[in-house]
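See the structures that follow.
Note that chain A is present in both complexes that follow, paired respectively with chain B and with chain C.
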Partner chain A sequence: MKLPPKIKDDIKDATANLNVAQKKIVQDMVEKKYARMRVQAGECVGILSAESIGEPGTQMTLNTFHFAGVAEMNVTVGLPRLIEILDGRKSISTPNMEVYLQPPYNKGKDIKKIANEIKEIKMSELISEISLNIADSSLELSLDKAILEDLELDSKTVKTLLTKKLKAGFKAELAEEFLIIVRLSEKTKDLKELYRLKETIKGVYVKGVKGVTQVLPIKKGDEFIIITAGSNFKAILKLDYVDPIRTVTNDIFQIEEVLGIEAARSAIINEAYKVIQEQGLNVDIRHLMLVADTMCVNGKVKGITRYGIIREKTSVLARASFETPLRHIFNAAKIGEEDVLNSVVENVMINQPVPIGTGLPGLVTKVK
Partner chain B sequence: MADVQLNGRFVGTVADAKKFVESIVTERRAGGVSKNVSVHYSPEIDEVHIENLGGRLRRPLAVVNDGKILLSDKEIVGLEKGSLSFTDLVSQGIIEYIDSAEEENSLVGFFDTEITPDSTHVTMHPIDMFGLTTALVPYSNFSTTQKVNTGSKNQKQALGFYAANFLIRIDMDVNLLHTPQRPIVKSIMHDLLDYDSHPSGQNLVVAVMSYKGYNMEDAIVINGGSIERGMGRSSYYRPSVAEELRYSGGLLDEISIPDKEVRGYKSEEDYRMLEEDGIIYPEAVVREGEVVIGKTSPPRFLSNLGDYQLATTTRRESSEYLKHGEKGKIDLVVLTENEEGNRLVEVKMRDERVPEVGDKFTSRHGQKGVIGLIVPHEDMPFTANGVVPDLIFSPMGIPSRMTVSHLIELLAAKTGAMGGRYVDGTVFDAEPQADLRKELESLGFRENGTETMYDGITGRQFQVKIYIGDMYYLKLKHMVANKIHARARGPIQLLTRQPTEGRAKGGGLRLGEMEKDTFIAHGASLLLKERFNSDSAMVPICEECGLVAIHDSYKNRKFCPVCGEDGKIEFVEMAYAFKLLLDELKSLCIYPKLVLGDRY
Partner chain C sequence: MEFDITKHSLTPKHTKLDSKEEEKFLEDTKYRKVHLPKVFLEDPSIQHLKPVVGDIIKIERKSPTAGVAYFYRVVSDE
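Right, the complex of A and B next:
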């Protein structure tokens, strides 16, 4: 019997000060137990997992938001979040990160400063007033002095940033301290352009981590961490005061992109398990592991939808019985697909024993 | 300056809003403005709203002026004598109808004693905040709103004395309780509604205890002896109607015993109850499938009628017969004519319904339950006085539901029954519990309503005192006899060859998608196959082309419509629904080729 490396290591640690004979006894007992705990051949683990997650799912409360400290920062939880995870949605409704810090910052050093550095600042936050000068066909942006000082910026850098983002035909200049004037060039005197420009200017990225709309430093245990609304895993890991090992995001696709498929699988398990735990339900984690395995088996995260793992099914009938049957049948007919009737749904459809449980074993004796 | 809005539309402004509102109210009471006008001033938005359209919920209140109720003894005497009517009081401005918005400006007293100098109105009786059926719940101010609500809803489903002329009426699907009683605990609404002339329940002796677990989860245990003495017995009436319709071409339906040649003739057995005129006789005992009114109709399509065919052979059988699971006695036979002058036969069937396990009963407090066990009289527990309860109610139904009124009624009815009087249980105005307890004590009972009881089987005394008393119980119209359904084999649908759906059609109980999953999860693969083979079929398949072939069992000839006689044809077992799927694919121009092979 081959034991998994994790169990082997555990035995090794636990039996370090035993003699060889005793070690053997322990080894045998573990093997025996392990063999007994294994899933039997023909056990229908898929449906068992589906039912074990699905049935408690019906009891989930409809209170789908949960506040992480402040009212503005809320996180989707409960059934909508579970659906989001299992469907493999590319954009989730409330992305957020838990940013762990390297010492000494995790003890609270410069925590406010770090938090502000992470937060994405857009031009609109620096501007106290935008006035449109129609006669001059120009925009006058008055900058907020206090905010600029807070963010350690000066008008010049802001102007440079702005200039980079401006399309040809516009020109930004520093008229006086804290007043930037953006002018239209002589050729295009279109006021509509100016209005459009106003919105563009508001959205210009100034500093911070892109995508992080809010930051909240909190104390967790005996260290400080920063919770963010909005997630940009790749960028946050590049910061040198961030602990790249413990920092997590709830965006599974960002994890897949940055850390790979195995990490994504773990993320699916963790996120789904967290949802179920929060609801006070009791689901064995192995069911979620199976689901996560199924979603990640091809090396890319695929949701349990007709565009995801259902598409991967080999049987036409199985695919057709899930959703949009006509489309699957037509596409199968176009290329002359063959269904070998190896799985469950197809056999239920044609009223044959399903190859699961008692229907799995074949006849050894040859029939004359 | 306050805005004035009439039915939500701005009409102008007034300087002194309060005075303005007051003047309208005074004018309305005097009769200068319609009684249907409501006016209300909201100071926070400084607007006056005047409403006179329909759809507002209003309630009548007695007007109070300077701490004095306008409704005096003189008017009450007038009402009693009949010289004054309620409408008179309304037109005199003594009582007025107030809508919910105007109530915001009013200070309404609950009782006369609560009136302060600021009061504007007083309710005539707190019961007027309830509807008719809700007011029938005694002591309902002691229970939660939801349970009073369910209690009042349940009363609408109770069997009773639904109409005094029930003998000559023909109603669809009605029930009649055999020995309805007046409730011992009643509210003034019972008197106002003349409930005594059409009661719908019975006063039962109720013990609050468990009985071997047969009354857990809201079940009730019933005394078999009480049932034998007529408790909860009812009749179920169902009419059958047949009309001699006229068709184009002078053809007629005919009510008579159908000729044996008629298409769709059942069997002689089924027609045996009919008299010569083709109609059953009163008091005939009928069972399911038996014909009540024999009728034949002309053929649907006249063109089918050849010259040489006899008239009888082409007529269709269209008799009225008893549906699946029905039985009873014929109660009434009516021969008449309808508006169009067609002969009309109506037959009313009656079936006696003795309470059985599964029938639903309820008290008036939303404490409903089904019979879990019918216990022989001798096995029921009894009190020291020898009183045997009719019904045993589980105490577990009380704590979570908080139906305190249920418990109070039991005590009140016990007092009433032993004292030989009715007890007033009107909401907010009932006889106080303390008085009832005192009276009960004076009658020789324990004041808290409990009694020493003995086990009917062993004769041993119970270690605890049992709360026992009387209660008004209602039999609800949901009876198992109307709902029981099972099937081993029966009719199937023509298209799919699967069992039909629904009790009326003798259908199967569907083992659905999710139930299927549980079979798979158990690995019970072959059991699943067996469950699903209701539409199993042996389909001839051509091995050459993989399509459904034809088997002519009459000539014992197999051939493939594509490959002809040469193709090798094998019978394959499959669901008929799958064969249907193959046919549908073919209709979509998709070629579903079956490749045959041996399973082993």
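Right, the complex of A and C next:
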């Protein structure tokens, strides 16, 4: 019997004070116990997992909004988050990242500056006032001096940025030190256009990591990390002062995209386990590992929905038994699909023994 | 700075089985390639192995219950 490495290590630690003969006894006993505790062939582990996650799930709080840690950062927890993970949602409700930093920044050096550099700044944050000059068909943008200095920008760079982002036909010029005037061209003196321009200007990207709407430096253990609202995993890993090895996001699809399917699987397990632990529930991690494996078996993360792993099932009847039965049966009839009755649900439907547990083995007789 | 994603804490170690190892693996386990879980050809975590469709990738997972667990995926392009 081959024991897993972790159990071997545990035995070694526990028997450090014993002599060789005693060690042998312990080893034998562990092996016997291990063999007995293994899941038997035909055990329906999927149903066990579903029940084991589902039952504590009923006791989770439905309180979606929860303030994680120190300051006002909003993170989805509890049942809504668990559903989000297991459904394999493409866009999650509160994406966030834990950004670890390289030394010496992780000891607090320039932490505020770094946090500000990560945060996405849009033009609307630099502008203290926009006034619309109808007679002149122009917009007057007064820039906030204090904020500009904070971000180490000056009016000139803002102006060039605006010119670059705006379509042809608009002209931005620096009238005073902190006043930019954007004019419409002669042809398009339309008031509607001016209002549209105002909204475009507000949304112009200035600097930072796109998608990060909020930053929060906190102390974790003996180092400083930055928690962000909004996630852009690909961009954050490229920054020099970020420790790319430990930095993580809670967006599983971004992890899949950047790190691949195996990393996505670990992320699913970590995220789901975190939810369950936060709620003070006790679910064995093996159940979550099984779910994560199932979601990742085809090389792409598939949620446990009718569009995800259910669609991958080969049996028509099994698919029909989950959701939208008529559609599955009609479609199968149209293309003449076959059902080989290999799995559980379809055999229940037609009143046959199901291939789990004692129903799994067939009987082989030697004919003399 | 381009980061080597195989070093990330979430990515387990991936190795490609050579033809001998592959033969032995299929012989020992009695699996067929169609039964193995898939990994896409474009998956970022296997790019450094220069995979082709049909290769078997051995993954050395760190498992909280077993210490180390081995997992196998076959490279697929669909």
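The definition used in the following text is that the second predicted complex is superposed on the first by the 324 of 368 C-alpha atoms of A that agree within 3 Å, B and C clash if a C-alpha of one lies under 4 Å from a C-alpha of the other, contacts with A are read in each partner's own complex, and residues count from 1 in each chain.
Please note the rule applied: a contact is a pair of C-beta atoms (placed from the backbone, for glycine too) under 8 Å apart; a residue touches a chain by one contact, two chains touch by 3 or more.
Just so we're clear, the structure is a prediction, and the values are computed from it rather than from any experiment.
Superposition of the two structures on chain A shows chain C fitting alongside chain B with no clash. Once chain A of one complex is fitted onto chain A of the other, the partner contacts of A:G359 are limited to chain B, with no touch recorded for chain C. Of the two partner chains, neither chain B nor chain C is touched by A:M37. When the shared chain is aligned, chain C comes close enough to touch A:I285, but chain B does not. Of the two partner chains placed by superposition, only chain B is touched by A:I350; chain C is not. Once the two complexes are laid over each other on the shared chain, residue contacts for A:A135 go to neither chain B nor chain C.
Applying the stated contact rule after C-alpha superposition, one finds that A:C296 touches chain C and leaves chain B untouched. Vertex at chain A: the C-alpha centres of chain B and chain C lie 120° apart in angle, rounded to steps of 10. In the composite built from the two structures, the nearest CA pair linking chain B and chain C is 22 Å apart.
Within the complex formed with chain B, the residues of chain A that make contact are 42-44, 47-48, 50-51, 329-330, 333, 338, 344, 348-360, 362-363, 366-367.
By the touch criterion given at the top, residues 4-9, 237-240, 244-246, 248, 255, 257-263, 266-267, 270, 285-286, 289, 293, 296-300 of chain A touch chain C in their complex. Chain C meets chain A in the complex at residues 1-3, 5, 7-12, 14, 37-40, 43-46, 59, 61, 63-69, 71, 73, 76. Chain contact summary for the complex, chain B toward chain A: residues 516-518, 520-529, 532-533, 535-536, 573-575, 577-578, 581, 585, 588, 590-591, 595, 599-600.
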